[in-house]
Amino acid sequence: MFKKILIANRGEIAVRIIRACRDLQISPVAVYSEPDAASVHVALSDEAVCIGPAPSVESYLSIPKVIDAARKTGAQAIHPGYGFLAENADFAAAVKEAGLVFIGPPAEAMRIMGSKTTARRAAVEAGVPIVPGTVEPISTIGEAERVAEQFGYPVMLKASAGGGGKGMRLVTTAKELRSAFDNAKSEAASAFGDDSLYLEKAIERPRHIEIQVFADTHGNVVHLGERECSIQRRHQKVVEECPSPINDSTLREKMGAAAVQLARAVNYSGAGTVEFLVADATREFYFLEMNTRLQVEHPVTELVTGYDLVREQISVADGAPLSFTQEDVRWRGHAIEVRVYAEDPENNFFPSPGTISYLHVPFGPGVRDDSGVEMGSDVSIHYDPMISKLAAWGNTREESIDRLRRALDEYEISGIKTTLPFFREIVRDEEFIKGHLDTGFISRFYARRDERATEVDNAIDGDIASIAAAIHYSRQQRASANRPSVKEAESRWKMSGRVLGQQIRDRQ
Amino acid sequence: MFKKILIANRGEIAVRIIRACRDLQISPVAVYSEPDAASVHVALSDEAVCIGPAPSVESYLSIPKVIDAARKTGAQAIHPGYGFLAENADFAAAVKEAGLVFIGPPAEAMRIMGSKTTARRAAVEAGVPIVPGTVEPISTIGEAERVAEQFGYPVMLKASAGGGGKGMRLVTTAKELRSAFDNAKSEAASAFGDDSLYLEKAIERPRHIEIQVFADTHGNVVHLGERECSIQRRHQKVVEECPSPINDSTLREKMGAAAVQLARAVNYSGAGTVEFLVADATREFYFLEMNTRLQVEHPVTELVTGYDLVREQISVADGAPLSFTQEDVRWRGHAIEVRVYAEDPENNFFPSPGTISYLHVPFGPGVRDDSGVEMGSDVSIHYDPMISKLAAWGNTREESIDRLRRALDEYEISGIKTTLPFFREIVRDEEFIKGHLDTGFISRFYARRDERATEVDNAIDGDIASIAAAIHYSRQQRASANRPSVKEAESRWKMSGRVLGQQIRDRQ
Amino acid sequence: MKLKAQISDTTHEISLTTVEHGVTAEIDGRNYDLEVRESTGGVLLIKNGTSVYRCRVESKRETGKYEVGLRGRSYPISIIDPKRLRSSENAAGHGHGTAEIVSPMPGKVVRILVEQGNTVEAGAGIIVVEAMKMQNEMKAPKAGVVVSINVAAGATVNAGDVLAVIE
Amino acid sequence: MKLKAQISDTTHEISLTTVEHGVTAEIDGRNYDLEVRESTGGVLLIKNGTSVYRCRVESKRETGKYEVGLRGRSYPISIIDPKRLRSSENAAGHGHGTAEIVSPMPGKVVRILVEQGNTVEAGAGIIVVEAMKMQNEMKAPKAGVVVSINVAAGATVNAGDVLAVIE
């Protein structure tokens, strides 16, 4: 087994991989950009190498710097996490060339799946159904207009190199096309360094359901069932569950078989996800893309199947056969994950970077929080605003919602705005509770929300909140009136809580 | 279903029950003694009632005060947790008499199992084997000496009303008997208000294995398999696992059937645990006692079976049938729990009360922490020193140890001493890893520990630790040299971390 | 101490008296006798009779502005002190049909979609700001004429910066 | 700054210089060039080359006494400042065959098992103190004569109180 692994990532996924390394008694090596020097993923590692300034292209996206860091520290393998270099076939090839192990699929499989056009071709050849769309990238707005007319609106614009909703736009009418085309192109260029787009027919009331596959280097390919990720904002998944609320074992077997077939066709190894659109009414499914990496939402599959996907990635990369067969895989209960973002749900989900001044993470039965921050962490403007993934497992979907609701209510983050209040409403939403999901869920959710009469406020809660603010105000006034005596400064210490008591005494 | 439940307990178990209430959308009501007014279990409740001063007999053990609190708040049911009034049949009867529901077994079953002597009689009648011992309580040292001679040493002294190792002593030679008898009697009197003792033959290399049973009020009785709790200090469990490392399904079925038989014999309902001693060599098992309440170590059973025992307790108390049958119960993977105590393992496990000045709780796959404290909490001298239960689940026993080791290494508590360093050694101990457990594990563990040459210290780690202390010292010197300027006082604020940054700015 | 609290457009009169175990308060004629305890991280544990209120009070940059978290909800509250003249009461509100487009976060201007003098519909895209890897299109809050654009493509902006004004 | 650090009976000489990115230090002739960053809760994040050391430094009541947590281990460290005369160096150690029985925690004396003047074996129970619901028997650290018993049954004791002396 490897003695040392370099993790070419940051934030919560770097922490997740560090934990798997610790479980396997492998020494984890972090890389970090200058503003990330004091971040959690660095603090939890045995070694860490600074690989440049804040901009990703000069740090986390720099192939030579990452490989140099591995050489310098003597790491034998590199785990790319997701995002950054995770789906960059050139990186995988460069790692191999440097005599190191890339913890991921072969570069060739990444290349095929890395371009939407070659991926769709591979799917067709493997007999997996696809959504009607362009096979070659579209370069001009004129071409886009022509193709869109041919398929009929609504259509979907997607970045060839894309993922995570970046460079993706749903276009429902012809007049929106030009602005969507320009914005998607520009976003794709900035996110992936590649502005090529393609265009697809949009499916009505589609559910986004994906299959987790796992392959080893001995020819074993297994699927771990589905995840439903239909709840999306700006084409970015925000709530994911395993199994899908439709929980149809026949459909699972059919989709699983298709995904395994595709993985075999490209000589896949390691963890991968085959994404499908499923038409809600007909249960027909269409291949969307294959993500040749670990997925953000992997915890729900881990909670329901019991397998540790990151541990398995490492052992498969080390040449071991899969630790389970298709027959071993059992799905127990239900798990739901929400992505906690530093975004303000009351202000159109605008990013909300800043310092986390207070953090209270939920615990207890069935709750798992995979976080990349702690109290005092800076949530930087430079990177993805996801700070944590909160997941809850239950014996039934109902129990998992009950536990998720409880965990969301316990969770407190101050100093920045987060999507927690948004999720507190989602888990109480009737359609969500019934499992009536498709990718239009969020817009319908907001429509229902607007329809509802303004909630009857609990008068007492409002009064108490006002009084709490008034108490704080009066204390601040008193404190500032008496400044600058040292005694006051000390009493202000005490005001901030008993935690500091020990330190104060020591310093006096 | 109940609308409101009063929780007649404190600390981590009160928090655990509050979480189950939240899952079921039941309003939780806390009770607290004066020093507990700002504790976590109060903060997480909807309502709270102060029931007296610090001493338990005047607060948490006061039946009228607890029942008054329920009446005052309109709670419909009372959950006693464990410890305090949980096994007090008079309390259960008083709750019923007050027109409320006691979340636990019928008072009569508690009475039978509450005295070791009637419990042993019930076991014999139900055909469950028992350890040879006295049937009636022993009142004088002379009687104890006579009976001990008859069984032959080693013998075990136990409090009739006891549990949790309180009032329990292993006596290996005749000359230790008097002191052990006096201490056990006095401890029993102080802990349970009842100083009666009984005496048993001690089994050689016994494993402590217990069966979780669950019964409803419709005649269904099911067992949820075993927990091994052989790792004990002063007869107090410190590490518990499910399943037992011997993982013998035939033994599980035999012991499970015996436990179910006993539960049926006393018309049991709710959650209960039947404790057995298992002779390591012969795998013969002997009934020890039945705990008529939730057990501290219930999380390992929850992690492996997937059932929420507290949720099930509440629904069974509400009259619902069990949500599972014996055939439904499946054991998946392995879970291990350690009890984090405010005790100093380097100083003979002496209690270490105080204020928690820093707390960093582990997260990530497979880890569950059930805690009753947060940063700033006072660990009071008045109550049990258990502050948290840390459990790790894995697909195999090996994986659960890997995850527990990682979680223990991440866990940090400052301000008080805890048993975390002790557990970090346990999970790295060869005998533990092999699963060679019996109740003599801890003394052998300490013998091995002494035998080992003093660990070769990592010189660099020691140097860095010294330098870190020197940096702190030099900063403290600088800070105190410049006192009492306000500027310095402020910079001391800053030294304590960026967390407070926001508050400082606001107050200036 | 007599104060006013503004919470979602309504103003409440608060009279606050510190007593041994906490405070007594009158708010719009409703009387409260509260136990108050401080915990870490700006958390006040308040008891009203048997009811428990765990309030997390976060001070905002402006004096008197707070965000109070209570039972999973967040209350933005402004405290106005009649004794102090520099009340924040009049700070809010835009004058006479003018709408400012304010950057809600620090970021980089990647594209300007209109020119000064253009007439725009409500909801029309005006400026695209990138932050945390996402491009956010700032839209016109009302129909009108773009009277000023205060930034250029490529500029770095801070939260609160006025990017453009529509009249 | 020149200091001495005592760590489990050995004394190390430390010379510490603050530089822009952290400190340079010499300890018993070994040289370190360290990046130092502060985090919350008394945590120092120290980098020595590529190696990361997350040190949680806890100050004890006595000046110069620390407990440093590093990689799951805890180091009790005393810093001695030669410039300051009141060195804590000589504080430790018991004189001439006298052993004090010191209460390691606050609690209540429930029973005294010996009388003044008794001769006791090493390991014999002397006093029983109850704290956190457990009775803890304080044992004789050495054989000898009980020369004083400083507490009575029922007394409340604090951590560090000398309960009895054996000579």
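All chains are identified by letter, namely A, B, C and D, in their written order; residue positions are counted from 1 within each chain.
Note that in this section contacts are C-beta pairs under 8 Å (C-beta built on N, C-alpha and C of every residue); 3 or more make two chains touch, one makes a residue touch a chain.
Predicted model, so just to flag it, every value in this text is computed and none were measured.
Seen from the Cα centre of subunit C, the chain whose own Cα centre is farthest off is D. The chain pair with more C-beta contacts between its two chains, of A-C and B-C, is A-C. Each chain gets one centre point, the mean of its Cα atoms, and the points for subunit A and subunit B are 37 Å apart.
If each chain is reduced to the centroid of its CA atoms, subunit C and subunit D end up 50 Å from each other. Remark: subunit A and subunit C have CA centroids separated by 29 Å (rounded to whole angstrom).
Mean C-alpha position of subunit B lies 46 Å from that of subunit C.
Residues of subunit C in contact with two or more other chains: 38-43, 51, 58-59, 63. Multi-chain contact residues, meaning those touching two or more other chains, occur in subunit A at positions 44, 357-358, 360, 374-376, 409, 415, 476, 496-499, 502-503, 506-507.
Taken chain by chain, the contacts fit none of the simple shapes, being neither an open path, a ring, a star, nor a full set of pairwise contacts. Pairs of chains meeting the touch criterion are A-B, A-C, A-D, B-C, B-D. Within the complex formed with subunit A, the subunit D residues making contact are 35, 37-43, 45, 47, 50-52, 54, 58-61, 63.
The touching residues of subunit A, counted against subunit D in their complex, run 29-30, 37-38, 42-49, 72-73, 374-376, 502-503, 505-507. Those residues of subunit C that touch subunit A in the complex are listed here as 1, 3, 5, 7, 12, 14, 16, 18, 23, 25, 27, 30, 32, 34, 36, 38-44, 46, 48, 51, 53, 55-59, 63-64, 66-75, 77, 79, 81, 104-107, 110-111, 113, 125, 128, 130-137.
Those residues of subunit A that touch subunit B in the shared complex are 15-16, 19-20, 22-25, 44, 299, 302, 306-308, 310-311, 330, 332-333, 355, 357-358, 360-361, 363-371, 374-376, 378, 394-395, 399, 402-403, 405-406, 409-410, 415, 476, 479-480, 483-484, 486, 489-490, 492-493, 496-503, 506-508. By the touch rule above, subunit A contacts subunit C in their complex via residues 166, 179, 183, 186-187, 190-191, 234, 342, 344, 347-348, 350-353, 357-358, 360, 375, 381-385, 408-409, 412, 414-415, 421, 424, 459-474, 476-477, 495-499.
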